[in-house]
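Chain IDs A, B, C, D and E follow the sequence of writing; residue 1 opens each chain.
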């Protein structure tokens, strides 16, 4: 536990080290370069935007629909225990991923952010623990779950998981 | 007719290799186990008999083609039938011989390993080998990867399982191969007769890195084997230098623990090789590269360039962290 | 007739038995009837007309040429692999590409080259050899070809779009299953199997019925040429073997596309089921490729020695026995899977027993050659090469039947060496001999003997240099299907040798192609029967006219052209329509005069309809519905009455 | 060949080879089926209510050794130290219960599963809600029982991410003028019962390890006994005693690990040989896995003041996938008898050594003195997850009897000599294959939902499940703070097609007296009263009263949401008998409603969703207190 | 000389309606292929059954007999009009008989349509789906492949009937009737072991 916390501190320090802006606040706090004042490329977590809408930056999953990425994503989804809370998309501890209701937004960028940053009501933050390309693979898999197809017969790799008996009767 | 090539040429090359004493650590012709020796004996019998037959048949053929005297048509037909019958009979006789020696050799190598056999579980993964020594009580279970230590002279009973696709366990110096099939448990038994280090490799095509899925078998004296076993039971060595201390810190706080386990630390990942005693292993990445700090650091930083397509992601670490982790892992003898 | 042992540079311009028309003037038709016959059987002109062709010679030639194109593609893939393996840790191909390439190599050679080329030669030569005008079901024949081409184009299209299957030509599950083989690579492959198997099955029915029902009068079962016998046997094997692989690949496609669980152990399926089905096809497949080659060997030997092959009955029976036994030994591909020992022993026995009929054949051939002073023509050289290589491959084959030995060398380069010895030695060498032998019949021109000899020499040396060292590599622990290996393993020199050999083999094939191209332009005219062979295909002109024979011949012995004086002809066949004479299966007594269908576009359309289903189902199940609709349209078109007269209201022949 | 082969193969290989020989199993099936059928026969005509069976269904066939005499209060969820949930109040009787009317209601404002029992002390009712674990105090002396105060603990919302099966809370305990209860994020709080002021607060666990707390504490001899949850997160289980005044940790007994951690010392005398030995909590695990081995303590604790022993169970081992943890995995899925003063173990027994099916051992232990074999024995009744009702000698831990009360295919019985269950090898789940027809399913023949014992009828009233499952073992990966299960599960209704049952069980005759079939799992607690009325709720939302002797349905009321809470009864300040229940569907069984899960994925919520696809049409979420009284 | 060297075949018929016809042989070949395919399906079934302890999986009842038996009976009945049509066709008089044959085929088509409809009811009667387990997979695949076969046979006869009604009916179409009949007998005959496999076998264990 202690080691873990220390590790996190280490990580934070490392993150700070690469952000010189944050460090010499005292010396140069009155004048900010224009580029550092407003971030427009950050992923919006809310759909509500004060004022008129800005032409937003579209965040697309570079691996969307790529079968290899989806299958890798599926493997990672299991290995990194996403399946432990979200199961095969129906949810459990975490919310379902296969329906159209998304608490924190369902576009690829939102899903990505959710994995990286975590969410306050239980979603852990995987920040700094999963490389970017794997994140997008997981996002690709999560996106593929959302197809408006019944789970019974989607094409593709994820059908290989458990199919239990439908029958309610026993002999 | 060219005599430079063909089976005789291959056989000649083989003979040279065998006689010149250049021994192979992954060769079925340098048997170090009871089973491999039986099979190699079988091969030499096959080889000599088949070579003789081959030479004889071709001699007949060429003699027939090139001889001067023309055959008279009548009478020869009858004789011809006799020749063919004799030939078929000889073929059948040789086959019968082969069958008898083959089946008897098969029965011998399939003999049960007996109750005193060392039981080892080998689980194939894309693309590495998980090796478990089940024991009672359960906490004497040893888990390692890509290396199997066995005592010389004691039968080894392998339980072969697969975690994903079909693999095949093959250490030619000790025995032939046996597949690891998902949903099944296969068994395989061998007895090492000589101490030595032998290499084995996955022999069933299993995807991208089928070529880099090797393992090493250490056949050791019973004493050395026991010593090794006891050492494996111990949890990972405690860091003894600040660098190693830091390495452990980095390891457990990084995503290494998502997949790897180191007994004695909070790392319990179970989808990649157990690293409790990784420093004591000879190779990395299932026999892909030698285990030394340089290779290890390279493997951690960029595993995909060593073994493209394998499941280990590159680890983004500060250089000093990378060195520390390498230092720590290498200390886990 | 030459008596010296000096090799003949060229086949004699005027072969020993006189050309048939000279000996049998009755075989010629009056000019107007010949013209009528030509019109009835001709392929229509123009591009569209050629698509409608149902002439077995046109289709057979297309088969052979297409198969040779695939052979060259497969060969290029093979050489790419050899280049990659020429040295340890080579970086020419990455693992992904290498896996696609070796899969494509195996797939191409087995499904797109070896079987189709044998089928193609059968389609071309069986009607000629049994003395009829066309195959029994000309439209089915055309359909078979189209579906084969479409399948090949499909899988190669996929390959060039980086959708080549990367799980091996055997595509074992679960590696090829939905979980471990994402994307449509395997789907394309699995459906391609169906394409080629449908094609092979169509040809099988075709050939069997033609050979059983349309033989020349008098050609009773014991007078059928050995090549035809081997082709009949092969096609029976096709009927019993191909459904297994169609179902295996069908189950695989279902597992992948709609989520069935045939091979998913988690749901009660079993990956080994796939292996059983695959090898139940896969082993007979070897014989399907190899048995026609036995027929070719017999044919070439007989023509080269100018005497009947010794032991006709024994040869026929051994071929049939080989076919039967061929179904009983698929498990020797699975010894390492851990099946019960008793079962393994059974398959050991079966696998070894198959050496007995093979031995009988070899002894019969040796006996045929004994003192025969054969002419050392190129085809004969290829047959000699066949003996050398095939016997060596057969020896290692017998070894592989031994369970313990198999456990060591299974899935190593030893096995690679073994089956290339068997398949290249046993099928490709005779095939090249046969192509040289039949080239004059196909084109009317002879191939150059000099180039032919060079071809043989380079191929023979190259072959042994490629595959000889692989035996050794197998023993030294080199598994198959590895895209690279460590320098420490010491496999480098042998692999380098193999790569050089592969290059030579490639040069040999290139020489053959050059020879063929040269000969097509400026080759020596062949005449009807340049080799002085005895079978009916030589009784007509080279290349044969659309109707094959002006009059159907009547035979009374096994080697009709060597005894033309005993031959008779059939009269009373109509020449104004596509009429063939059907005979009874056993004694070949005339039965009735069947009318065959004419040129049609529907075979192509039907193939297209099926292709829509097979290609489309990879992407959406709805394609099957569309395909079903097109299929119905095609069937209606196919069967639509053309008003061709038949039955009692038709005019009887003069 | 013959001999050698089987020898040569490992146990599991043998199983594999024997598979085709299904005839053995076929034999087994009818036997178990017959047994089950025999057990089920008789009771319930289709109407739902049962008929009294021939045997002695009444009389004081057993007695509650440690009753809580004050009927104007209800100070711990199980009413008394014996965990009887039996009240001597008899105003509400079987002949007047039909007149029961709603007295007042109270909304908790929370949409998660309400599993808690309200407490009543000194004219005040205390309600603990699911996360965020508010504590409401209602003034029973005022009309309509308005809220006096609300206590809102400071909690970490992320704790919701480590609660395996909804963010429930099972209640509080009263003592020394304080209410003690646990929050999901591993805090135990003591709140002044009169003012709602926090007295002390102790953090006893860490959510980053996957730990959470859902159980109701028990106050014994000045110590608040608290256990953790997280058997599905690779948590190492413990029971901790906190000082009632300071909240300081008095002792902590781990469920796995070396004896000094488990508090096994010289007094430890387990009845069965396989439970004896040094450091079994380590040696029965491979490597370090005991550190992440589960055995959490999230269920009920009983206390015997005479023997001075507390009894509690430990949860399943982690992960579910048994292939990953060879060995007996002590002391998971077990029961401990400990001295509450120092926590030293006196005896222990493993219900499920090397647990295969998530058969947690945490269910309530009802302490009853029963006349068995001509003498009164100090027994402990346990309706376990495995579907068996165990009668144990609570002094020694000896099993007196073990009889299935639910449909079971996984076990044929318990070997009374060795104490080990007799398991059906074919039902063992393994990695890479699907094992079908596992009955009872992972939530067991009975999950946490506590039963009640009436000394008047001598019957144990068990609300339980009728569920089976298919399970595919998969390799579980351990990442701290994330689930650690390793199984794809799909549950479905057991024989009969109903998913729940309410059974009245005669522990002496070891047979059911009557059974009521419920459409959904009977996931609420039971309450027995001296009026010979038994109360329980259904997941559709019916709160119902049945005749204690016949099982006849006497009264019911449809609440706003499905009921998974525990009913209580008390004598109000006005002298009338009241019955209270929290409605509010959720929990593992109701997660599909509480968490809006997608029924298209049957494996969701550890496979429970497959069995509960129709629950969202039957009820909606929302917590509400309902209190009833006779007019 | 000349007489010895020629064989006159002008008197031979140009069609035969018996097993000497090429089309009959083609049908026989097709049947051989199909028979092999069904044999392999049965082998698959037995193989899969041998690898598991419970067949069907423990929670499933065996397929409903009701529609299964109905389907089998209707299939067998459907052979009756076909047999009659085939006999009439064997007389080789297209002009006189074609309408009667076409009428019989229409009766057959009706019965066959019922058989196909029943087959569609047999799918839900399995109580499982193709993607539930290997059991479901093999049962559905068998039912499906046989359904495709039956549809093919049905379509064949529909085309033949259409041709017979039209004015182009010739003797060779009588041969079509016989060959199609042969194929249909096969479809019905092969269903008997398949029926046993799907419906009876699970009840034996």
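What we mean here is this: a contact is a pair of C-beta atoms (placed from the backbone, for glycine too) under 8 Å apart; a residue touches a chain by one contact, two chains touch by 3 or more.
For clarity, every value in this text was computed on a predicted model and none was experimentally measured.
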Identity of the chain that, by mean CA position, is farthest from chain C: D
Geometric centre: closest chain by C-alpha means: B
Maximum inter-chain contact count - chain pair: B-C
Whole-Å gap separating chain B and chain C, where each centre is the average of the chain's CA atoms: 38
Geometric centre distance via CA averages, chain E-chain C, whole Å: 32
Euclidean distance of C-alpha centroids - chain A vs chain C, Å: 55
Separation of chain B from chain D, taking each centre as the mean of its C-alpha atoms, in whole Å: 51
Junction residues of chain E - those touching two or more other chains: 51-52, 57-59, 131-133
Chain C, residues touching no fewer than two other chains: 179-180, 258-259, 261, 264-268, 270, 341
Contacts with 2+ other chains: residues of chain D: 1, 432-434, 436-437, 468, 470, 472, 477, 479-480, 492
Touching residues on chain A, where the partner in the complex is chain C: 67-68, 70-72, 74, 152-160, 162-163
Chain B-facing residues of chain D, complex: 1, 3-5, 7-10, 12-13, 16, 234, 282-289, 291-292, 324-328, 431-433, 475-480
Residue ranges of chain A in contact with chain D within the complex: 1, 4, 78-81, 84-85, 87-96, 98-99, 101, 118, 120-124, 150-152, 161-171
Of chain D, residues touching chain A in the complex: 29, 33, 157-164, 206, 208-209, 232, 434, 436-437, 439, 468-472, 474, 477, 479-485, 488-490, 492-495, 497, 591, 595-607, 609-610
Residues of chain D defined as touching chain C within the complex: 1, 432-434, 472
